[in-house]
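The first chain written gets the first letter, and so on, giving A, B and C; residue counts start at 1 in each chain.
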């Protein structure tokens, strides 16, 4: 609904269309006061249609105007035809929802150890704790209640949300985003059995996160036992992902929520790992591999493969196996029927060989009739 | 064991029975000084039997007295028969373990931004951080080390435990409980591929949590990309649950630990989702649906269905498939045997048609003997 | 690479071999300035070979020296033969990476409630919060931003990393390690249905963690509803593990990442539970049980069993079932072929019984030719 706040941002549809280089059908004087998805949009809101699944909902929208790719369905509101409705929408949405960025400076309640180095324009939030020798690059934002361990290092333009933890010696590149509650550099799970007792193997390595990585909320990325756990440039993690010690993930990969990767596994670049996948340790997952939701990966995967299922199979095989497995109850019945029929046939054959008349019910019927 | 602390609460069994409206068998002067489950209970403790699985253990209990539903098994201690032993027990237990609630007020170490609004009787814990414009309703408890983002809003009688994070603009209703470490309103997992690189889609929406919801420890509930992620009134989450952007869950649903729900999926009311279930994005899960532990849901589910397995099937089908699948090694052998028998039968038939004597081993044996 | 820092630790290979009681092949004057795993090691680094999988990589290492078990492969650098290369390596590695331990004392920004008791040599980090009556044993380290609830109790030589939460009344033994973000003592998931609404069952118990336990990052261990959730001495948890209310785990067990255990399940000693396993509530898992990755455990397991699969089966059965299940698409085809062949055979038999010539294609072909 149109905001009652007189200072709220109001944009004329005519101006919107011009700004987006789009074609308006409808009243150019109408004003937009907000943005919303199709089902939530009210008469003051701009919405957008970028996915055919939402076409029907779009025809019933309450929105003030809709961005479309120029198809000719009947919408109940003005339309602006643009090449990429999602991109256009996000550009306008960002004007109504400017990002919340803190003013640079160190909050007086933050605690900075000796030798902490802060770049230009850095913001350190309330109750953040930076241990001795931690370094934060230019314009990076260390949120409230964040902890940076001794000699932890952040590049430029990073953003660490509240409650994130980066343990000692770990290194983050430039433009790394860490969502709340993520833990980078906890001890890897390393023990050796000695006299019936699990003795801790000291975890002496670190985590290196390259530029442009995003780490989701409550992810846990363990430090190397020796050497590094490394997340490649541009790779993005959803929430609650677990990465074991000494895992290496290549560039521009996607790791969806609740994935777990065992220690020392190497994963290539542009890999896509869907939600809740588990990958055991000491494997090699090649470049461009795609792994379907819930898969359990027990063996290395060559580059370019698509895998699914648990234990994981090539995608086409997995689909066939899932489809066939659903028919196992029916298969049991068919096997039982085949056994019966085979015994019957064998009996008929034995009878025939002994010179008796054919014994099958089907055979017998016509013989009785005459 | 009876507490050595002379100030500890002591209740006579006669008084207990009267208070609960139950029927005592045993000494009314005996005193109860604590409560405990059957295996832990000592001579000063009240315990209870509400589940037949524990009947045998109850007959060997060391407890000072036991609450039962009035069955006539032989217990080694006084009994109080009541209609609902669990409810009665919890009522007494709450007297021995009164909830820990902080004194209202703002701890001097808490940091409150400009424009923060606090209702009557609010408690703000040590080192909590409330950003500009955050609002907290009457009698709500914001625990130590909690972070509320800019303009986040809590209703009345909420309780946020230490380390919980509520990002900017998110809204919690009345009587919402958030266990430690939960993250509400992190960015959704939204990227679009541009030139081989995943570009972040700004996450401009929010999370709305309705009245009487409980969120477990270390859950992550992402904000809407545009619009809302919404958790319906009375819905309860166990720990480590992941909810993607723009998910909507109806009222009075239960979501058990480590469930993951992909973005834009809609879930109905009074749904029960067991532990470690994964539900992919963009689905519709109807009202009253029940999903068994570990299921992988890849397709929408009509209201009232029970589902299980991965990929999920109707519950009865899933059970039959699981049972039949366990017999696949046997099925392989049976199929191989059928093939052999069929070949043998075919050979016998061919031989018979050619005028030769029947060729089966079974047939041959008697023929050789004479 | 050799460090440019003149104060960095430099050890002669001759001294290293003497210290380790090993046999050096190579120049005893060569100096080691760091440690690294095989693929990361540079000319100043000591590395080690303890796993045959890395033999080939070891033959191409850039390391300054390698610890081996005395086999005779050709390494491109000096070798020191020792009985246990990993142990020897870790001993040296610990000298190059001494553990980061804070100076004892209470950071001025920490908040301690009334009646908090601190042992000798305790370190309390910045912004830590210890509620009334919390007790911390000698030499324990409570990291920055940690929260200890009312009357929570830590033994001696514990280490709680930043962001860990221990709720009221919970008890940790000696030498317990808690990684960042772990939550001990959150409310269990207990509700009873009353008039279509889930009413909270008060969670009145506690968590007891015995000596020498390690809890991974972002684990959630719920308190008992009544009585205890208990983790036995020497048991180790990886990250993101969920433990429901009133679970009991025995001594010296291992629980790998993302495992979930439902309420009131009892698990024995020296049990190994691999990653992403789910165990439903109210089960008994015997001593020495091993459960394979991703398994779904729905029934109790006798001591000493190895289980795998979902629902879990004895390990050998599960392997056979997995192998056979992969052949279900082939089985479907074979069953269809058997049905066709059986029908054909039946038809041939019927024809033969009726005095007609044999009807099989195989039989007919030779008959037609002459």
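Heads up, the rule we're going with is that contacts are C-beta pairs under 8 Å (C-beta built on N, C-alpha and C of every residue); 3 or more make two chains touch, one makes a residue touch a chain.
In this text the structure is predicted, and so the values were computed from the model without any measurement.
Interface note: chain A and chain B, two copies of one sequence, contact each other through mostly non-matching residue numbers (shared numbers fall below half of all numbers used). Relative orientation of chain A and chain C, expressed as the C-alpha superposition rotation angle, is 120° to the nearest 5. One finds 23 Å separating the Cα centroids of chain A and chain B.
Along chain C, residues 109, 127, 145, 163, 181, 218, 240, 258, 276, 310, 325, 328, 331, 335, 338, 342, 345, 349, 352 each make contact with two or more other chains.
Chain contact summary for the complex, chain C toward chain B: residues 109, 111, 127, 129, 145, 147, 149-150, 163, 165, 167-168, 181, 183, 186-187, 189, 191-192, 196-198, 200-202, 204-205, 218, 220, 222, 224-228, 240, 242, 244, 246, 258, 260, 262, 276, 278, 280, 282, 296, 298, 310-311, 313, 317, 320-321, 323-325, 327-328, 331, 334-335, 338, 341-342, 345, 348-349, 352, 357-358, 360, 362-363.
Looking at the complex, you find that chain C touches chain A at residues 35-37, 39-40, 53, 86, 89-90, 93-94, 96-97, 99-100, 107, 109, 125-127, 143-145, 161-163, 177, 179-181, 212, 214, 216-218, 234, 236, 238-240, 252, 254, 256-258, 270, 274-276, 293-294, 310, 322, 325-326, 328-329, 331-332, 335, 338-339, 342, 345-346, 349-350, 352-354.
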